[in-house]
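I have placed the structure first, in the form of structure tokens, so that the comments after it can refer back to it.
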């Protein structure tokens, strides 16, 4: 089935290419609304890549949380504060140079790691970790990592209450 | 209670008011007394006329008249018609809106149709005609503008049916057609 | 009869194997599934519009469309052609890109969910073992499409509609997912096929107390998810004209219409899969059972539309957060009780009554807690 | 009792309507029965008193229509949509026939006042309502010939009114006939009386004729 | 150098109350699915809550009063049909009564009974349609309206058989009615009145106790009693606020004193009370109709010695003077004020339209509620633009 491999490979690489274009678009697009949508598209492509590697659960969670939740709230805020969405919001800062330097550091640090992993797709043979099924995920969450899971729950709960208090303070109904 | 008893009853309580019965209604000679009279009628224990049914403007050529119909929702038999006469040039009538909320739209309609200036009305503007409209359509001397002006296709249609059209109509239609200033005699061009 | 469509597909793949090399066979089987869904979706939508107009008409003592075709059967074609011919108007200073992209971003998720629906015994297009999570994730993408439509039309009413529908979609997604959790607890897997298999020989979850309540909550949230009555706030004709798709006409509007009806079908399909035993059924072929049950639920949706007025925005939110969400949480607790009380026999009386009592008590309790929304009794004196 | 009961009871009504739409006969007026009338194929029975646009009635020949162009209906029509011009014979004297009888159907509001005030029972309200047309000015401005309809048509659409009008016209004709004879007889009687009177005068006049004529010849 | 690099983003000037949310001015315009005609409301919204509401009317203004002053008295009878085109019979009755009061014309009993039957039938038709439209505004997709229209068709068939036209009846004349009621028409009316209670029960169980209707209607658009009296509100709206004022009982005009019927009063004066008071009023109208259908007996349907009234309406010249006749139309007190100068045309002709005046409190009732409530409140006021704009 090498032809199938080739087809899937160019499909995934195409997806990655789209992701990069969308990421660049998210940064450079003048209209904030378009930039938000481009960011949503980037997240969808990342979910696609997760699924292509076989981590379906992670891909679905990525879509559910990021695209369904976070992006919706970002766009909600853009729409609510009326003036933001309409006109062009260009980044007027002049920090191009510093950004380039930071990017350089990042590339040098991550680059070798990327090269080491070699091209997609991972062969079962070399030392890939066993495919995680949803069941094992659930068991480990409830057994080994139960403490961070609970702490996270409490943290999120506190965040939720804080958000409500702030919102309520504005307009005491 | 007959009209005279009501008249005496009002004059007993409001000494300075001049009332004259006109065709089973009471004419308040001086329009400025109107709010006082209506206020008293509304608060009065005997009459309790707390329901203003209708406010109507009437044009009697020499003067304008505003007719008020008052009824009582408590003792259901009493009712009274009040009348106020003002001259045509500056028809100023004190507004009853502070006493009766119901008069608001009807007074605006009387202003729109007859030109009554209701002093004290919170929001006196035209209600049925559009705001840029000039003139008071229900007055007897109201000349409807461009009722004689014929359009070009009207003229064609008439000529097709063998009716001879006067020369100046055709000239008027031509000028209209070429977008010239439409010669409404006194009303200036309504914008918008 | 039962495996009719599966055999057809196998034959097609076999045919291509004879002619092309073996890897093309895989592509062909994928292509067959895609074509099947791509045809099934719009076809279902077209005839759902007709069924809706006929059923709602019959409820209102009138006949419904019967001029185009024998019993109005060609009416969907006529509507389709009309939509194609209609001029596609884009408001002048609207956001062209968003205006164009929005319908696509709403129809795509509605069609994607078909991949996970188990139409019949081993007739699921893609047997993901995260089927339910896929359904939840994809249906949350629709929200962004509605945003784009509302913002792209540059019209006050559509912005209002957009705001309302997003608030509604978010707040109804949570009780929807929560009401699915009991089924996952009972079955232990997220795959739709596994869920349907677990409901074999009349072990439908709807017969258990928590299953019935879960089914009602899931169905109500599904109705709210696809903006149908009595939660059709987003396109409330009487208040905000047509909500987010006010400025759409022609084929774009047809796409919105298609998305609404397809999500109606998928919601009913998913409810059947989760609670009514999917394609399990005694005599008839499995796929027929699936369609019968799904169209039964669609009839209920049309029945809602013909009878119930719509809720106001704040009541809608209150219903989701203060009524359905707590109820679905209690439902999970009831499932656990049922799970541990019933020693592997599906219909043990104790395992039936205790959760039932708990659920009825919580329903009554929630009614008492939401007192301002309960109807008041009024006395009307008849005086002389 | 519990939260959803009112909703369920209401939905039960619509479900019963859905089921009854199949069980009960269409158009029977019962609750739940279908009410649709497939318009072009099926039609509701026409009510006799239904009034749509007016029409002019003539008895046997289109020329002798009952209308005498008395203009009463034109003056009484609230929106003034009737326009009548009398026919003039060669000598220019107006005759009792309308040369032009236009009704502008775009203005007429079929109120039926012309039928009530017409003293000659010449104009009645028709039942014909499928007269939509493309052009407002020409096609919907009905001239005299478009309005003409026979008495039989009137009897067909409004049998009772037709009979009543005919009996009334018949009585009026007899009354007129009787009156004519009476007048004719009276005229003959008068003529006879006059003739007799002249005869006597002629005889008296013969004796004293000369003095009378001079007095008449020189009037002041 | 650093100044140039500092990010030049403007701090959003959030007012003292935190986020200064933009108010949105929406034109619920003349062309809108639920403004019952060409009626415009300029609503200023803060989010969904109505901040201010300015009714704009006059789109359907035909200057009905100017027309009536240029044509004869009976020629303006067909124009009164077009005032409140839902109940032309009660408009006719109001105009006929006013002119009869002016010309002191006595009416035979049978004509009075026919008039009462016809105006009570229009009350049924009007209330049923209004409730249908109100529930339709709330979102019940046309089902109540179509149930209502199924019954309305039967009544309109009777109107067509009697007067010649379904909605534009032009049936009443000064001194009586245009044509007599034949026996089979009376039979038809009896059958309708007999079937109506069954329909009303079905109509009531459909949505009266429906929880969503109760949530949408109760405590929404509350109209206090004294504001209602002060704003001269009349009709079911006034009675829903608990004020007992029904002109059929106050003036006892026509033969209403011979019938025994009750007046339903509301408790809080919100949308639900206005909806339910109209349902109860329909049941009272049925009581009146039953009694009227029993008491009617054959007799003349037109006043005989009327001063040159019907046969030549052309020179019907009422004596100089003025009259104000009012009737309990289904929407409220419909009054005609007529001044006659002895000529054929009235000198002054004024219509006191109930819908026009009931709109005065629309803004007072809508402030503070949501946009969806404003639409429902407008629907509960029951306006018809033919009468509002005249």
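Labels for the chains are A, B, C, D and E, by order of writing; each one numbers its residues from 1.
We take it that contacts are C-beta pairs under 8 Å (C-beta built on N, C-alpha and C of every residue); 3 or more make two chains touch, one makes a residue touch a chain.
No experiment lies behind these values; they were computed from the predicted model shown.
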item	value
Shortest walk length in steps over touching chains, chain B through to chain E	1
Minimum number of chain-to-chain contact steps, chain B to chain C	2
C-D or A-C - the one linked by more C-beta pairs in contact	A-C
Farthest chain (mean CA position) relative to chain E	A
Greatest separation from chain C - chain, by CA centre	D
Per-chain CA centroid nearest to the all-protein CA mean	E
Mean-CA-position distance for chain D and chain C (Å)	64
Where chain D and chain E are represented by their mean Cα positions, the distance between them in whole Å	35
Centroid spacing, where centroids are CA-atom means, of chain A and chain E in whole angstrom	60
CA centroid of chain A to CA centroid of chain D, Å	85
For chain C, residues that touch 2 or more chains besides their own	59-62, 159, 306-308, 374-375
Residue numbers of chain B (touch at least two other chains)	none
Sequence positions of chain D contacting 2 or more other chains	3, 6-7, 10, 13-14, 35
List of chain D residues in touch with chain C within their complex	2-3, 6-7, 10-11, 13-15, 17-18, 21-22, 32-36
Chain E partner contacts - residues on chain D that touch it in the complex	3-7, 9-10, 13-14, 29, 31, 35, 44, 47-51, 72, 75-78, 109-113, 116-117, 125
Of chain E, residues touching chain D in the complex	71-72, 74-79, 143, 150, 153-154, 157, 160-165, 168, 170, 178-179, 195, 198-199, 202, 205-214, 310, 312-314
Chain C residues within the chain D interface of the complex	55, 58-63, 303-304, 306-308, 363-364, 367, 374-375
Chain E residues touching chain C - in the complex, by the definition given at the top	24, 26, 32-34, 45, 48, 135-143, 146-147, 150, 206-207, 209-216, 218, 244, 249, 262-268, 272-273, 276-277, 280, 284, 370-373, 375
